Every structure is written in C-alpha cells, then in structure tokens.
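One chain, chain A, appears in both complexes that follow, with chain B as partner in the first and chain C in the second.
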Partner chain A sequence: MNTILFQLFGALATILLAFTVGMFYGGIRRKIIARIQNRVGPPIYQNFLDVIKLYSKETSIHHGAMQHMGPVFAITASITSLMFVPVLNGEGWFWFKNLNFSGDLIFLVYMMVFGSLGMALGAGQTGNPNSAIGVTRGLSQMVGYEIPFVMSMVALMAQFHTTSITGLMNIQVQENTWLMFSNPFAFIAAVLAMLGMFHYSPFDIVHAPAEVASGPVSEFGGKYLGLMMSSGSIFAFVKLTLFVNIFMGGAANLIELVIKTFALYLIPVLYGVTSPRYRTEQAITYFWKWPLFFGVIAILWASF
Partner chain B sequence: MNSLILLLILVFGGALFSYLLNKFLPILRDGFVVLLMLLVNYVFFTMDSSTQIDFEMGGIHLQWAFTSAAFLFGIIVSILGLLSIIYSTAYMKGKDRLGYFYMNFLFSIGSMLGILMSRDLISLFFFWEIMTWSSYFIVIYSGKDVDKRGLKYIVFSAIGAYSMLMAIVIIYGFTGSFLLTDIFDSIFAIKASYQLAIAILLMIGFGVKSALMPLHVWAPGAYSGSPMSFTALFSGALSKMGVFGFALVLFNLVSNQNWLVNEVIAWLAAITAVLATFYAVIQSDAKKLLAYSSIAQLGYIVIGLASGTYLGVMAGLFLAVLHAVFKGTLFMAVGAVERQAGTTDMTKVSGLIRKMPWTFTASLISIIALAGIPPLGGFVGKWMLYEALITSDHYYLVIMVFLSSTAAFLYSYRILFGLFLGQEEPEFAHVKEAPLPMLIPMLLLSGISVLSGTFPGFILEPIQDAMVVFGFDSRIPNIEWWQLTVLFNSWGDKVVLQNVMIAIMGVFLIALAFITIKGYRKQRYVTTKDISSSGEIIQPEDNMTFQIDFYKPFERAIWPLLKRRIDDYYTDLGNGLEALFDLVRRIYNGNGQFYAIYVMAFLALLLIAGTKYFGF
Partner chain C sequence: MYNDNNAQTIVEYIKNFTRKNSLFMLAYGTGCGAIELPATLTSRYDAERLGVRGAATPRQADLLLITGYLSTKTLKRVIRVYEQMQDPKYVIGFGSCTINGGMYWDSYNTIKMLDKYIPVDVYINGCMPRPESVIAGFKELQRLISEGKADGATKYKENLDWYRENQKKVLKNWPLVEYNW
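Up next, the complex of A and B:
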C-alpha cells in the first residue's frame, strides 16, 4: 500500500514539475518573440493566468462524445509518456522514478503519437472544416519529421546495443560523455526533426492562425482549451527532457535539467521567430532532404 | 470417425446442402450455416492434435494432419469463418443467389482447412485450386466490373498456380515423393540452384495470395468488389494461406545460410508495405483504402517472417493473427456502413458517429490496434517487429517499416473521419445502427484486440507451439505464456504491458472524470453546423464538408513515388505481348502457300547450315 501511495505521490510531483516548467517556457517564448518583434510582450507567468481563466470558465456546448474526449486523449498521452521518461540521472531523486523501467524508446515514440491522434478524432467530430484541414496537415507533417527522428534513435540503439532510455543514460554516465559527441549526425538529425515536433514557425502549419483559424483547436474553448494547454506544456517538457536524457547526458539535479532543457528549447524558438511559415508539402519534404541525409549518415556511423 | 475427415465432410457437405436448402427451404438457410460453422468450430477445437490420415490415391501417398503451425492458422480460419458467417446472415439479407454465395463461402472455408491439413503437395495443390475458384466465384458475385476485377484475380491466381505446379513437378523429379516430411529431409541434398528455383516458384505461388508486390495488383479490386462479409475472411484468413506457405518455404525449404533469399523477400515486403500505405492514403473509397491497407499489413507479416529471428517470426505470426482480428472487424464495419448508408465513398458519406455508435466503437478500437498505438494488441506486434529488426541489424528495414506505419496514421484517421466524423449530412439522417448479427462479431473481435494488448500470452502460446514446426526451439522456458505481460527483446530491454495499461487507463479515467464533472450537465449538444466561422452564420444548406482531396499536400509531397503505378507496367507488358502475338499472327497467317514457303525456306536453311557445319 505504502509503495503505491509513494508512486502516486511521485507521479503527482513529476506532473507538477513538468507543468510548471512547460508553462514558464511557453511564457518565456512569448516574451522572446515579442522582444524580437519590438513589442513589450506579456509577463512570463501569463500562461498560468490563461490556464486558470480557461478552467474557471463555463463551457456551454459540446459536439458529442469524441469531441468531449479529445483533450482527454491528449493529456493522457502527455502524462503517460512523462511517466516513462526519466527526469533525473542514475538513481536520481526517488520522487521522479515513476515507470522509467517499464518501457523503452520504441514504446515512447508510439506513446507520443497517441495524443495527436486522439485530439484529431476530437477535432474531427466538431465538423469544422478548418479543424480537419489542420489535422491532415499535422498528420502529413508527422510522416515528415518522424523519419529522421526515428533514424537518429535507431542509430543510437544500434551503436550502443540498447533500446531503453535508462540504458542510454547509463552509458553516458559511465563513459563520461554526451551522445551528441559520440554520434553527432544522429544529434543533428534529431534536432532538425525536433523543429517539426514543436510545431513552431516555420512548421506551424497545423495551427496557422491566418490560414485555418488555429486548426484543430478552433472548436475547443474553456475547460477543453485549458486541458489542452496543460497537456501541451507537459508534452514540451517530455520532449525536451527526452532529448536531454538521450543526447546531453541527462541531468543530475533539477537546476541542471532546467538549464539544459532551456538551451535546447531555444533552438526551435529562435529558428521559429526568424522564419516564415512553410506550405504543407514544403514542410514535409524539408525533413526528407538534409535531416534524412544526416539520419542515413548517423546509421552508417553507428554500424561501422 | 476420424475428425479430419469429419471436418471436411461437414464443411464441403454442408456447402452443397446449403445450396439445396436455399432452393427448397430458404427459411432454414441462415440458421443452418451458423449451426454448421459452430459444429465445425467444435470439431476443430476438440480435435486430438495427433490425428493423422494416410491413404493412397492413384498410387500416390497422401497424408493429412494438423501440425501446430497449421493449427494456429486454423484458429484464424475457423473463428473468423464463424463470425463472418454470422455477420453474413444479416449483411446478405434480401440479396439474391444466396445459395451460390453460401456454397462458395463454405467451400473456401473448407479448402483453407484442407490446405492447412495437407502434408503432401498434391492435396495442397488440390485444395489451393478449390480455394482460388470458390473465392473467384464470390469476387464476381456482384456482377460489376467482372472483366476487370475478376480477370485480374483469376489471371494472377493462375500464374501463381502454374508456378506452384512447376515447383511441385521439379521437387518430385528430384526427391521422388510428394510428402512434405520426405521433402523437408531431402531438399537440401539437391543442387543449390535448383533449390533456389523451387523456392522462387513456390514463393510466386504463395506471394500471389499474400499480395506481395509486384503480384498484388489483383487485391484492391478483389477485396473491395466482393461482399464485405466475405472480404473480412478474404483479407483476414485467405491471404494468410499465402503467409502460411511463405513460412513453410522460408523455414523448411530454404537453407538457413541462404540469407540472400530472406533479405530480398524482406525488402520486397518492405517496399510493398510503404507503397501500399501511400496508395491507401490517397484512396477516397473506404473499401479500397482497407484493401491497400491489407496489402501493407501483409508486408509487415512477411518482413517479420523473413527477418528469421525468434522475435521477428513471433512478431510476424502475432501480426498475422491480429491482422485477421482487426482487419476482419474493419471490413465488417465498412460493410455495415455500406448496408445502412448505401455507400462507402468517403466523399459522400460522413458524420455517422451518432447514428452508428457501436460500429464506430468497433472500428475505433480496430483502428487503434491497426495503427499500433499502445495499449492495444497491434502495439505488441509492432514492438516485437521493430525490436527484432533492430537487434538483428536490419536498420534501414526498420526505417521502412516506420515510414509505412507512420503514414498508416494518415489513412487510419481518414477512414474514421470519412465515415463517422465530420459534418452530419441531412441525406444520411435516416441511417440506423446495424442489426445485432452484424454488431456482435465486430464487438467480439474488437474485444480480442483490446485483450491482446495487455495479455498477449493467449495468442503467443499457440504461436510458440507453431514455431517449433518452423525449427525454432522455445527459448523462454518455465514461463506460463498466458500470464506473460512483459515483452523482452534479445538485448534485455522490455515493455511492461500491465503498467502501460494501468497508466493509460488511470490517467484517462481521471482526466475524463475531471472534465465531465465540471459543468457537463449545463452543456448542451450542438450540431456540426453550429461552429465558429469568423462571425458568419452558417446556414443549413451551406456545404461545410471537407472530404475531397483530403491529403492533397501529402500527395504533392510523395508524387514522384506515385507517378507510375505497377499496373501500368503490366499494361505495357500486355501491350508488348499483344504486339508480339500480332507479329506471330502475321507469320502464321493461315495461308497454305505461305506455310509451303516456310517449309521450303527451312529446308534450304537446313541444307546450307548442314553442308557448312555438319558436313553432309
């Protein structure tokens, strides 16, 4: 009984951590974009205010069961993948142990897709054509970036003969190196794929405000939007932590984790503010050029 | 009586009897076929595994028995056969020539069981032909496009059958026996080049049925053209006969050193999977979409088998069972939509979720299993396949499978959105939920999809027995497979399925409760016309449907791959052959005087050549 309580407590702590960090990063991103566009911008805690406001709002309509469950699918995917990503290195802090040893990278890659598909179903039932267009764009783009991403993951698995995240982290601790130096091509391919994963400009074709009126989200307001925002920030934390764990040697404590994830987070953000949006087919084929090339090299590098 | 003979008599006799029954007492027909299939299942599952028959016919030794591998595929055939027959009773209601339909339906079930129990090549070929003919008769049942769909199917089946026959003759020439056990023992004694020829010829034969590229062109037409109740069996079980044959060839007729065969087959299957998935994405008819998706899924199965590792073969067989389960459900669901709404064209029908909630639930579960999303059964198969390929150094093959299964999300979403989600059209307002005999098989099958995601053991157990036939010893002893909930790869990495299930269900239920408790009572349902539209009010007659050119941007991105279809190559080949035959016709023009000239010319040629080379 005690262990179950302990685990639940740890899970809750992890979720809170991920939520807070993700929310702050979102706020900082808004601030950075504003400064680059020579605006003052909202305060960095603005996202918290938004979520609190959205939760406290009353939602008066729904489009049916699938639409009701769409945001639930999204947050299920975010939290479940969070449970399988180690937060800290080694034994770490016992709070954040969760289910780290119950799944591996392949599982996680699939778990991370769960949310977007559930969300897509929810958006589908609303009948808003903009939502459906956004979903088709998002899924198409996913085919683009998943390939270089998986290539770099396969390269690492092949190089170190393990498919588990904890396994890869242990190797970095033992050899006292970061995998981004052991297989630089895999890192490049993964970072380029990450640009698409974050759906920030120039790959923001899913939500493209001026084209499809924020796409899949357009029929979701109030508590639904609040849940989706929370899910989005948790998911951003999951992605960043996963990258830090795999390529940058993980983190020994929370401060190190925050520094490393933030450094990584700046890549899609800064690349985004300076680039205009792609068309959908450009956004897909982008990943089938240089990122794919680096992926192929990474696998060759790993196998020889 | 021997239960093998009883099984065959039941199915084949029942087939003929159902034809007669339809003539004289059509009211009893539905009940009879369902009872018959229940009886067949009873006989099949209570059968003693050591039952065997040996007999001589025309001086040829024939042998029938169920090996554990055949038993595995037999489970698919008998259970899916029963469920699709139950489904048929409602689906085919009111259609004509039902005696013809049920007779051929039962014939193909019987011939599949026959193929599985054959332990010699003659009866294998015999049952194989019955299967081809009976399924051909159902493919042309609707009478539409028979010259196109039916001809393609029968021509390719004939090509497959002839190459199989040729292989059988070559094998007999070398080994002097038709018995599989004799052949497996003596095949490695013959010359390697002949071994290869035999393997290639047999694989062409089996590859046609399992729709491996470039032999797949018959499949989209045949799958989408037959009645859906048969297509569920066609794609779920009948195509698995090809997989069964592939397994026999790969593990028993090709020596293990011949990795080239395995690599070539695996890559062919990978290309099949990727291209078929791309074609599935751009389809706008739900049946065609599922047909292409079946081709792609069979590609995964063959990749698993061809990888040749323990986990890979297990993954292939697991996916074979699972594919029968979820693709059977999906074809049934599409059939239900076809029957209730009148069309499966996704550019016409949409928004059926509120009218057919149970059909939607069944297809949602099957789609999740198909896409390989945890925590359902498809994920278990996919995971084993990936890990098997990675741990056996097939890195680029993994990427191909990944590309294919990521692109599969596109068509997975397409079919759910196209049929069930999206705008609710007033012309489909009258649609009702499918009748119970159609719903029950679908829901039962989706139950298997769900259960196998957390407890894959009950499928893995017969698979493990089957793998002994293919020359794999059981590697994990002292484990009750029924209790198995942890998957391992050969590097020792694992997925704990129970934790996955608990985590997903736990978070899902908490989040659902959270969102539902907060003011759900005050929420009211609004139609799909009541949506945000930048201030304009949408009128009921406004068309807000987005269904045509659904994945146009994706199509633009992959157009170099889709530019030329394999069909075109066959058409070119056909045209080329026609030109050749035209030339031949000019030579053999039916004019006696020309023939006289040919004879003279030939004699003259002989004379010249004779004096020059042979000296007479």
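Up next, the complex of A and C:
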C-alpha cells in the first residue's frame, strides 16, 4: 500500500518537475531568440502566464469527439513516456522513482510517437485544411527523423546487450564513461534526429504560422491549446532527460540534471534561431542523408 | 469559504494579470496601417516584451486588431472571425478609418464607424499610427483589462440584436447563421 502511495506521489512530483522545467526552458528559449534578434524579449516566466491564461479562457468549440480527445491523447502520451524515463541516476531521490522495466527503451521509442498520432486524429476531426496539411507534414517529418533515431538506439542496444534505460545508465556509472564517447556516431545521429523531434526551426514545417496557420493546432483554442503547450513542455523534458540518461551518464542530482539538459537543449535552440525554415521535402531528405549515414556507421561500430 | 468575496477577488486578479500580460494578437491587416505592425513586433519596438504575440488563427487569439478601413466585403469576414474567437476577447481599432471613416469618409463601400458593427475596446488614433502609439494602445488595453473594464464581448452578447441590425444594413446578402443564444 505504502509503496503504491509513494509511487503515486513520485509520479506527481515528476510531472510537476517536468512541467516547470519544460516551461522555463521554453521561456528561456524565447528570451534567447529575442536577444539574438536584438530585442528585449518577454520575461522567462512568460510561458506560465500564457498557460494560465489559456486555461482560464472559455472553450466552446465542438467539431466531434476526437477533437476533444486529441489534446488529451497528446498529454497522456507525454506523461506516459515521462513515467518510463528515470529522472536521476541509481536509486535517485526517492520521489523520482519511475516505472522502469527491462524493455523500456523499445517501449519508449513507440510511446514517443503516440502523442503525435493522437494529435493527428484530433486535428483531422476539425476539418480545417491547414490542420490536414500540418498533420501530413508532421507525419512525413516523423518518418524522416525516426529512422536515424531508432538506428542509434538499436546500435546502443546491440552494443551493450540491454534494452533498458537503467541498464545503459548503470553501464555508464560502472565503466565511468559516457556513451557519447563509447559510440560517438550513435550520439551524432540521435542529436540530429532530436533537431527534428523538437519541431523548432528549421524543422518547424508542422507549426509554421505563416504557411499553414500553425498547422494541427489551428482549430484548437483556449484550454486545448493550454493542454498542448503543457504537453509540449513535459515532452521536451522527457526527450532531454532521455538523451542525458542514455548518452551523458544521467545525473546524480537535480542541479546536474538541469545543467546537462540545458546544455543539450541549446543545440536545437541555437541551430533553430540561426536557420530559416526548410521546405517539407528538404526537411525529410535532410534526415535521410547525414543522420542516416551516421546511424548506419553507429550500427557497424556497435557490431565490430 | 471558497466562495467568499476575497477569494473571488484574488482569482479575478490573477486571471486579469495573466490576461493582460499574455495577449495573443490576430492582426486583421487589410488596411494600409498594417504596415506598421511588423515594425511594432520586431527588433526596434519589440511588442513581445509586453506579452503581445501573434496568433495564427482566430481560435487561439484574444485580441483582434483591425488595421484601418474595412470594405463591406471584408466586414463579413471580420464578423465571422470575431465570433470565432473565444471569450474573453478584445478588439483594437487601429487608425482613424475605424473611428470615423478617415480619408474614406465618403467612400461608397467602406464602413465608417467600426463600433457600430463589432464592439471596440481601444482606439488608436492616427493615419497611420506609429509603432509608439500602437504600443501605447496595447498599454491602454492592458490597463482596461487589469481594471476589468475591457468587456466588449459581453456588450456584444447583450446587444446582439442592435449589432446584427447594423451589420445587416450594410451586408445585403447575409452570410452568417442566426444564433439563438
């Protein structure tokens, strides 16, 4: 009984942590973009204001059942994937125990796609042509970045004979190294795939406001937009923590975690600020060139 | 305890604070004044530091910015857009054309007073208003919101018949469905 209670509270604490960190990272990103464009920029807590305002807005739009369920699917997927990513190394702080099992890396690769699919269903129901275009763009781009990402994950699984995230973390602790040095090509492929996962420019073809009026979310206002913003922040934390866990040796405490994830987060942010948007086919072929090449090399590296 | 006045006031205060500091703006840029908006939003004047940012669709927007004259043809679209937006919503009339017709005061196919067709919370004067005055307009709207006075949407709901009558006077073939709320 007690263990279940602790797990529930742990889950709640993890969600709160992920939400706060993700929101602040989003705010810092807006600030960085503003400073690079020589502006003052919004305060870094701006995203919290946006979310509170969105939740307090009235939402009286009805396009069908799936439209109401799409955002819920998205946030469910984010929270479910969060539950399978260990936040801290080893035993960690006992609040952040999560539901790990021995095949969770494979599970996670599937689970991370689920949110976008839920979004796609929800956006499809609204019947807005912009949503449909955004969804097709998003799914095509997913085909692009999933391949190098899965290849780099497979390379790691094959190299270290484990399919569990905690297993990979333990290996790094025991051998006192980071996997980004043990298999550098897998790291490169995964980071390049991560650029696409974040949907920041130059890969923001899905949400491009000027082209497809923010794509899948174009018919979602108020609370649904708030749900999707929260889901996005949680998911950003999931991705960053997963990458830190797998490639950068995890983190022993929260401060280390924040430093490492933020360093990693700067890659998509800075790459994004300095590049204009790709066209759809450019974005997809981008992933099928160098990232795919590095993925193949990573698998070869793992097997020899 | 949870329903007493103080609790309500605090909740209202927080709501109004976030509302005024996070305005998603939909710029209906068919008038010539729209050319001042890029300057307002980019490096030089940077409206984002006030929390004003662009929204892509009416569903996401809080603030409708009518930049200048509206022909009767675009008025249809504006009414539609306004009714698609979710409460609470605000309208800023931008430039003298929205106030009294401006230099189109005797034109045969533009509307003269925007306030007769949709409720306007704040007017920005000028032809065309410079970015400074646009930002002053945003500030004024924020003041109204924090005092709880930006209630154009409620006015619209209460006086829907009057607005509809005015709208139908200029729109001969009525494009919208009739509501019954």
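In the analysis below, the second predicted complex is superposed on the first by the 302 of 304 C-alpha atoms of A that agree within 3 Å, B and C clash if a C-alpha of one lies under 4 Å from a C-alpha of the other, contacts with A are read in each partner's own complex, and residues count from 1 in each chain.
Assume a contact is a pair of C-beta atoms (placed from the backbone, for glycine too) under 8 Å apart; a residue touches a chain by one contact, two chains touch by 3 or more.
Keep in mind it's a predicted model, so treat the numbers as computed, not measured.
**Q** Which partner does A:Thr285 reach: the first (chain B), the second (chain C), both, or neither?
**A** Only chain B is touched by A:Thr285; chain C is not.
**Q** By the touch definition at the top of the document, which applies to A:Ile61: first (chain B), second (chain C), both, or neither?
**A** The answer is both, since A:Ile61 touches chain B and chain C.
**Q** Per the contact definition in the header, classify A:Arg39: touching chain B only (first), chain C only (second), both, or neither.
**A** second
**Q** After lining up the shared chain so the two structures overlap, which partner does A:Pro209 touch, if you call chain B first and chain C second: first, second, both or neither?
**A** A:Pro209 contacts chain C only, not chain B.
**Q** Could you look at A:Val150 and tell me whether it touches chain B, chain C, both or neither (first, second, both, neither)?
**A** first
**Q** In the superposed arrangement, does A:Leu242 touch chain B (first), chain C (second), both or neither?
**A** After superposing on A, A:Leu242 lies clear of both chain B and chain C.
**Q** With both structures fitted on chain A, tell me whether chain B or chain C touches more of chain A's residues.
**A** So, of the two partners, B touches more residues of chain A.
**Q** If you stack the two complexes on chain A, which partner ends up touching A:Leu49: first (chain B), second (chain C), both, or neither?
**A** Second partner only.
**Q** According to the stated criteria, A:Glu219 is in contact with first (chain B), second (chain C), both, or neither; which is it?
**A** A:Glu219 sits against chain B and chain C alike.
**Q** Quick check on my understanding: which residues of chain A belong to both its chain B contact set and its chain C contact set?
**A** 58-61, 213, 218-219
**Q** Write out the stretch or stretches of chain A touching chain B in their complex.
**A** Listed in rising order, the residues are 55, 58-66, 68-69, 71-73, 75-76, 79-80, 83-84, 99, 101-104, 106-107, 110-111, 113-114, 117, 120-121, 124-129, 132-133, 135-137, 139-140, 142-144, 146-147, 150-151, 154-155, 157-158, 161-164, 167, 213, 218-219, 223-224, 227, 279-281, 284-285, 288, 295, 299, 302-303.
**Q** Quick check: in the complex, which residue numbers of chain B touch chain A?
**A** On the chain B side, the touching residues are 351, 353-354, 364, 371-374, 379, 382-383, 386-387, 390, 393, 395-396, 398-399, 402-403, 406-407, 409-410, 412-413, 416-417, 421-424, 489, 491, 493-496, 499-500, 503-504, 507-508, 511-512, 514-516, 518-520, 522-532, 534, 544-546, 550-551, 553-554, 556-557.
**Q** Would you tell me which residues of chain A are touching chain C in their complex?
**A** The contact residues of chain A facing chain C are 30, 34, 37-43, 46, 49-50, 52-53, 56-61, 130, 209, 213-214, 217-222, 225.
**Q** Can you list the chain C residues touching chain A in their complex?
**A** Within the complex, chain C touches chain A at residues 14-15, 17-19, 21-22, 24, 42-43, 46, 48-49, 51, 53-54, 56-62, 85-88.
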